[in-house]
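Presented below are the structures under discussion, each in the form of structure tokens.
Each of the next two complexes has subunit A plus one other chain: subunit B in the first, subunit C in the second.
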Partner chain A sequence: MNINVKFQKDGEVVHGYIDGEIDTYTAPILREELDALEIEKDLLVQLDLSKVSYLDSTGLGIFVAFYKKVVKENAHFKLVGLTARLVRLFEITGLSELMDIETNTKVEYNNESI
Partner chain B sequence: MKELKIQYKKILVDYIENQSERNLYIGQNFIRQLIQKNITPEEVIHMHKQVMEEIFPELPVVSRHGYDFLIEIMVYFGLTLKEHQMLLEQQEEMRIEMNVATKIQSVLLKTTVPQIDEIDIGMLSIPIRKMNGDYVHFLNDEENYVGVAVTDVVGKGVPAALCMSMVKYGLDTLEYAENNPSYVLEVLNRIIEKSVDDSMFVSMFYGRLDLARSIFTYGSAGHEPAIYYNAADNAFYGLGAKGLLLGIMPEMKYEQTEIPLYEGDFIIMMTDGVTEFRHDDKIDSRKIIEQLALTYSHLSAQEMCEKLYEELQKLQEQGLDDDFTVVIFKK
Partner chain C sequence: MKAFDYIEIRVPAKPQYVSVIRLTISGLALRVGFTYDEIEDLKIATGEAVTNVVHHAYHDTEEGEVVIGCALFDNKIEIMVADYGNSFNFEEVKSKIGPYNENEKISMLREGGLGLYLMEALMDEVKVNNEGGVTVFMTKYVAREQVEDYDERIVT
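Entry: the complex of A and B
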């Protein structure tokens, strides 16, 4: 199991590309990479998760912590390219209400409430 | 050392003259003595080299080089071995502490499944490692209400266990089973938000059954939706609700929903360890759980939980890879 993180700065936007599985073992690597980013006011950090095949709750924790850090610095945070499976995870946990999330494929979420 | 060398020389000469079991045995006993005196292996080789030179002065120079080489690498060997033994000792210490912690956790988080006439309740919680990241808490005032909290703390192991005790004490302070799920979730969110770091959070499904009216009220904080079987419709519904995970933002509001429970209805509450099939995207785990639940719906709630675990365990090639917790309310 491996993870690959790459950043590309383009003016006020930092594009991050994450490739691999995010779980208990790889999450610390992702956390380190994100912590190393310098967050300035008004910066937009956009993470592309289209190559993320698996994400567990430890991984969610990393994104939550990073989201809080970015908000504190008055910068912006956006997740893009989520697979249907990842979208479901963000919907169930209520995080999609909190964070800016963009999906490539349109997914209808049905929380099946009656 | 001089004394030892003289002894060693005698033993070695005896053995070179006659390679008997007895002479070898004397040598082994001698080594035991050396260990007691803290003589290192490289010192023994050094001694051996000197003695050999004394007995055979004509020993070729290459042989001496050979001994010198052996002495050098044995020094390194000794250091590495010592390091290895230290690690083993540390590991053993940690293992013992972990066992103590596991015992404390199981005592601390012990909850009793209520036995009441109005509803059949079953519960099963199996940790993937020693410490459980899932927790089930029942509140029961025996006459009017039964409350149940099914929780999953992010992460596993010790940090999860520490966070879990906080959840338990939070629930304990609420004390009464009659509290509204939305109130319970709001209070717990406040407690957890104040006390944990930014990457820690808890998901919780909270349900409360009004025994007299047979009304089930539930709320969810970022938790896997429960599965509700309506016997009259012969259909399954998901009991999901909007609500953020506990411990992320202060002052969150949580909605709650009521459903009536009739004869033959049941509700399956679980953690994502039950529905998460890591290595197979195509499997719709909730559909499988529904099928299994129908197959075993003639059994008691407890037996249903056990069957679910058994069957889902079989479906996962490498076994389940998360804590597994399921609670069933069966009317």
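Entry: the complex of A and C
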């Protein structure tokens, strides 16, 4: 089990692509990658979670911490490509009310079985 | 004859084994006849309970074990996660867990963050016992239609 994190900067937008399972074992890798990211004012950090096949409270905690960091720097944060499973977790925990979350119906079907 | 099959898994309380437990739970839940969504719920809830134990083990100097007991019934699965290394008597531990204690819940939330919230949301019943190591005991029921489809559902 592994996790891959890639960033691509495109003007005022940083696209982050997370691929793999986010749990207590892989969390330190994700946390480190997100911490290393330089956040400038007005930047939009958009994390693509369409390839995230597993997420638990450890991962949610990391996104909460990162969200706080981005907001503190007066930048913007958005999660995209969430499967129905992931959306459910953000809804149960109330995080969907706080964060900007975009689902991706096309990906939903492909990722459902993982 | 017992009304259920009992399976016990013991692993070192280390982060790299949490995903192994999730895979095992996934396989057992498929045997009972849960749907994919229900299996995902079970994986997360069990993962949360095991992760709690792993985190506790990290604070201690000595290396611990996590014990996961699963009772497979026709229409439900009962999962127990304990943070002590000794094998336990499933029925005995089950009988010791009383009604939900509101105070225990709050202290758990402070430590484990969203973990217990998720367990409660994804399982039908969750009980926590703090005597002699933390034990989480949780149950999930199969929806009625799935029980009737039981034979057809096993395609391994």
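Some observations on this one:
One rule holds for everything that comes next: the second predicted complex is superposed on the first by the 105 of 114 C-alpha atoms of A that agree within 3 Å, B and C clash if a C-alpha of one lies under 4 Å from a C-alpha of the other, contacts with A are read in each partner's own complex, and residues count from 1 in each chain.
One rule holds in what follows: contacts are C-beta pairs under 8 Å (C-beta built on N, C-alpha and C of every residue); 3 or more make two chains touch, one makes a residue touch a chain.
Every value quoted in this text rests on a predicted model; they were computed, and no experiment measured them.
After superposition on subunit A, the partners subunit B and subunit C collide with one another.
Judged by the touch definition given at the top, the superposed model places A:Val52 against neither subunit B nor subunit C. Of the two partner chains placed around the shared chain by superposition, subunit B and subunit C are both touched by A:Ile92.
Once chain A of one complex is fitted onto chain A of the other, the partner contacts of A:Ile62 are limited to subunit B, with no touch recorded for subunit C. One of subunit B and subunit C touches more residues of subunit A, and that partner is B. Once chain A of one complex is fitted onto chain A of the other, the partner contacts of A:Ile3 are absent, as it touches neither subunit B nor subunit C. By the touch criterion defined above, A:Leu43 reaches neither subunit B nor subunit C. Legend: residue contacts after superposition of the two complexes on their common chain; A:Ile101 is shown touching neither subunit B nor subunit C. In the superposed model, A:Thr24 lies in contact with both subunit B and subunit C.
After overlaying the two complexes on the shared chain, residue contacts for A:Val70 are found with neither subunit B nor subunit C. By the document's definition of touching, neither partner reaches A:Val14: not subunit B, not subunit C.
With chain A as the common frame, the single stretch of subunit B that clashes into subunit C is 312-320; none of the other options in 6-14, 42-50 or 312-320 do. Counting contacts by the rule stated earlier, residues 24, 54, 56-58, 60-61, 85, 92-93, 112-113 of subunit A appear in both its interface with subunit B and its interface with subunit C. Taken in their complex, subunit C has these residues touching subunit A: 15-16, 18-19, 22, 36-37, 40, 43-44, 47-48, 51, 54-55, 112-115, 117-118, 121-122.
Residues 24, 31, 54, 56-58, 60-62, 64-65, 68-69, 85, 92-95, 97-98, 111-114 of subunit A are the ones touching subunit B in the complex.
Residues 152, 154-156, 197-201, 203, 221-225, 228, 237-245, 248-249, 257, 259, 272, 276, 278, 281, 322 of subunit B are the ones that touch subunit A when the two sit in their complex.
Across the complex, subunit C is touched by residues 1, 21, 23-25, 54, 56-58, 60-61, 85, 89, 92-93, 112-113 of subunit A.
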